[in-house]
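Chains: A, B, C and D, in written order; residue numbering restarts at 1 for each.
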Amino acid sequence: MKQLKGIMPPITTPFVNGELAIDKLEFNINKWNKTDLTGYVVMGSNGESVFLTREEKLKLVEATKKFASPDKHIIAGTGSDSIKETISLSNESVARGADFLLILTPSFYKSEMKHEAFIKYFTAVADAVKIPVIIYNVPKFTGVDIEAETVAKLSEHPNIVGIKNSSENVRQNNEFISYTDKGFAVIVGTASMLYSGFTSGAVGGILALANIAPGECMEIQKLIEKGNLKDALTLQNRMIPVNKAVTAKYGVAGLKAAMDMMGYFGGEPRAPLSTINENDRSQLKEILKIASLIE
Amino acid sequence: MKQLKGIMPPITTPFVNGELAIDKLEFNINKWNKTDLTGYVVMGSNGESVFLTREEKLKLVEATKKFASPDKHIIAGTGSDSIKETISLSNESVARGADFLLILTPSFYKSEMKHEAFIKYFTAVADAVKIPVIIYNVPKFTGVDIEAETVAKLSEHPNIVGIKNSSENVRQNNEFISYTDKGFAVIVGTASMLYSGFTSGAVGGILALANIAPGECMEIQKLIEKGNLKDALTLQNRMIPVNKAVTAKYGVAGLKAAMDMMGYFGGEPRAPLSTINENDRSQLKEILKIASLIE
Amino acid sequence: MKQLKGIMPPITTPFVNGELAIDKLEFNINKWNKTDLTGYVVMGSNGESVFLTREEKLKLVEATKKFASPDKHIIAGTGSDSIKETISLSNESVARGADFLLILTPSFYKSEMKHEAFIKYFTAVADAVKIPVIIYNVPKFTGVDIEAETVAKLSEHPNIVGIKNSSENVRQNNEFISYTDKGFAVIVGTASMLYSGFTSGAVGGILALANIAPGECMEIQKLIEKGNLKDALTLQNRMIPVNKAVTAKYGVAGLKAAMDMMGYFGGEPRAPLSTINENDRSQLKEILKIASLIE
Amino acid sequence: MKQLKGIMPPITTPFVNGELAIDKLEFNINKWNKTDLTGYVVMGSNGESVFLTREEKLKLVEATKKFASPDKHIIAGTGSDSIKETISLSNESVARGADFLLILTPSFYKSEMKHEAFIKYFTAVADAVKIPVIIYNVPKFTGVDIEAETVAKLSEHPNIVGIKNSSENVRQNNEFISYTDKGFAVIVGTASMLYSGFTSGAVGGILALANIAPGECMEIQKLIEKGNLKDALTLQNRMIPVNKAVTAKYGVAGLKAAMDMMGYFGGEPRAPLSTINENDRSQLKEILKIASLIE
């Protein structure tokens, strides 16, 4: 089995006139293929997965697999509240080349999405799919949060191999690591957690920032592995404002604008999201300059 | 065009062994057909819509249309974050007999789901579908809330005819009514708002409680129309604990358990939800007794 | 014992150069004395109570009692997390003429401020003070919310006579009314709840809006008592934007600015609050004009 | 000036029969004096400051100063929403021996407690007091959160020397460090942040856990300073469940119960808080055993 670690961008989905632009995807993947990124997440939050039809999703998995160099993991985000639909979309994604499944916590009935429901949900999905499952915890989008005790229990399932954790709560992330066995992969879901995650035992990062600054993200990990905390922290701190800009501040539209500035194809987000305005674009450019990502 | 008003249950979806049980649906609808309920909402929050596949959803619309007496509106809950998928599922639902579409606010990118995004989203959907659209605001499940200024703007669209508002905030509900024209239907989305809604200009209710106590819900409306506020309020207050039990306290599982106690088919919710335990079941029975709904 | 009902403004505290301006208070109270307002709340949320020293608070109670016409209740906001300090400040306020005590829910240890703690706190306070206690529930400022079951239990205490409820949740407000006996006064704490409160059994209103539009607030109550719901609702709807402006939108600073526009002394809020800027002032004036409160 | 760094317990306030027990305070401080703790925080959140009268607060500062060995900082928690009262209580605390002031963010008017209000508040306080000010950010109790940009601006004030940050958000904590100069002390406010804080540039910890496990807290800091991250992380992970028990899970009452188990005087919290029940006490003892804090 492929080992889950390293830096993996949750790749953006390119649209031209609101429709999937597979050639632009190819262009981006060709650039990322030249790096040491370990994999690509297709249909993650930054992939605007919730705006895609089922057909578009499968087309994306297929295309990503086709363009990715063979050493990259293909991680498909196939989770929804419906267990039945999640299993079905997962199996179709496996057939198109997915290596791992990134399964969002169910979240509609928020007050009932606690330990028992999460155990039921992830067990049912993991039992029914043929490739390893990664739990996806992202409270800012789902409004629910999975507890470490629940993750610990789920980590005993042979087909649940890790968690992508997009919460910035360091206690919770440390609990995910210390409550599970060494083989269970805790992957930080935002670049703001990179330094703290890697110094605490996280093994990878699925990061919006890795779409535009894969080298810097990988460098932070390498510096920490070498024991050079000082330089790792300096680089982390340099990346914080950029990461904030392409996530909390300007969202997917900001990430896509930054991609355009960095030589990737970004383009427009799909409606109802909007592109960022000129003023925000100027500020974003300034932030990228200060971080030495562009000149 | 059919007029949107009166009491409409967001009907539960019957499952036997986790699979759709269309015969049980027929059984329930036959009972409801004997009442003055004005319509049925299929694939609402209480219909566990998020746990259904696309095929199951369409099957449900078709069956509901088939079993409903001709005077009942069929309101199909077809909204999701994806505009494309929403339009597609809506059009398929229209083909199967839907009279109105209940469209949930998009909610995944919470911090960006504000005025502009809602205008874009609902305009695109309402432009593309052939039957009238009802906005569906339910902050407890979506984590987003639509403002009255946005609803006022959307109410100008000829194909957006109302809002189902499941918030218990009375200021907001009054704003929905006073900021829009008389023809725009404000429908309360929870029985806890019935009395306040109807005394303030709301024209209907889409209520979990109407699954089990349609008569009482309609009676509150009638009493208010007759100007008998005192009895309306007494009945409202008698229903408050029951409504709380089948919504906030025990959720869909509680609603289904109450249906079983009241002579409807309730059955089990779909995983990852669980049926309520014996202790909760006893308490629920007691609540129904105190409210004189069962003996 | 004086009966608790009718409209009572939580009076603003006048400052000149950041210091208490008792003469301005006298000016305002003289104006309010000419109306049928039933009482004055001193040291409420709109009184910037949290910015006052103990000495200033007692000076305010004394002055309010002195200037108020004898028929007006003096309601002193004396609650804080400390039971000891609450009792002490309450007794000093009684000595200066307070008729009722408005006691804020304790709130610092939010996760522990539940049923048992509230019962303990309010029982200890009500046992130790000589005048009747009104519970004050204002989740937007305290971050805690008291449940109807708790209020019902507390309403059995002979010295706890009512609740000022500033939540806009109509279910909760109706529960406060229906779970307690007729003698227990449910008082709405915001003008956005006036119409719904009075049609549901609330007996009074402690309202920021009553500082500037006492007549309109009282008129809503009178119209409802006469059974003229239509005109009451029309007036309520006319007041909604004004109320929003002087509460959620512009806060105490906005309320004070509106007072200046309406012929009262408003002045500046105390630091760290700031006066509203010129642009907001223009908008506020426009809102007052549209509501026919100024010309 | 004394340098702000190292581990400092926010000491609990001992009560016997609900009244201050200064002799028990002496007993505890005598034990802590034998350690390398760098200071004592009196009237912090764990000191139940909000339940104390002004007189009790000053008595506590005086006693703490008297019992503390001369090398320990005395940090007095004197902040409240009122600038006037904060300055007054601060000056009285200085007169009784305080070396630093821990000033809570104002929080009552939550929606207005943003950049401008914080700048105004802390500048006014820091200008008027004679000893250095530490900003105290604790969102779980205040419901407000201070942004790094605001802290950066405030750090330019010569009399604002640090921040105690009790948020577990690692991005925010890293921003506090990287947005301010080296001389500005970022102090983590919970033991769950110790490892991440110290590896990122925090210089101290004000920790509930330091009341019962001062040695372990200091050891984590020392191990990190020596570059022994592995053992530091192991110790951190061993402390996580204990820290959770004496903070989020059982609160101040749990911390006091743990103190009793560890040979300190804990005793009862003041009303309206309650002591933990027998079942929780057994679980707490088990947690302390597993962490090897007791046998």
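Criterion: a contact is a pair of C-beta atoms (placed from the backbone, for glycine too) under 8 Å apart; a residue touches a chain by one contact, two chains touch by 3 or more.
Note that this is a predicted model, so its numbers are computed, not measured.
Student: Quick one: which chains contact subunit B and subunit C both?
Tutor: Intersection of subunit B and subunit C contact lists gives nothing.
Student: Give the chains in contact with both subunit C and subunit D, ordered by label.
Tutor: Output, common partners of subunit C and subunit D: nil, no chain qualifies.
Student: Among all other chains, pick the one whose mean CA position is farthest from the mean CA position of subunit B.
Tutor: Between subunit B and every other chain, the largest centroid distance is to D.
Student: Please work out the Cα centroid separation of subunit A and subunit D, and write it as a whole number of Å.
Tutor: 36
Student: Need the CA-centroid distance for the pair subunit A / subunit C, whole Å please.
Tutor: The computed centroid separation for subunit A versus subunit C comes out at 49 Å.
Student: Do you know which subunit A residues sit against two or more other chains?
Tutor: Counting only residues that touch two or more other chains, subunit A contributes none.
Student: Could you run through all the chain pairs that touch each other?
Tutor: Here the touching chain pairs work out to A-B, A-D, B-C, C-D.
Student: Can you name the residues of subunit C that touch subunit D in the complex?
Tutor: Touching subunit D: residues 45, 50-54, 56, 80-85, 88, 106, 108-113, 116-118, 120-121, 124, 140-141, 143, 248, 251-252, 270-274 of subunit C.
Student: Could you please specify the touching residues of subunit C with respect to subunit B in the complex?
Tutor: Those in contact with subunit B are residues 168-175, 177-178, 190, 192-193, 195-196, 199-201, 227, 229, 233, 236-237, 240, 244.
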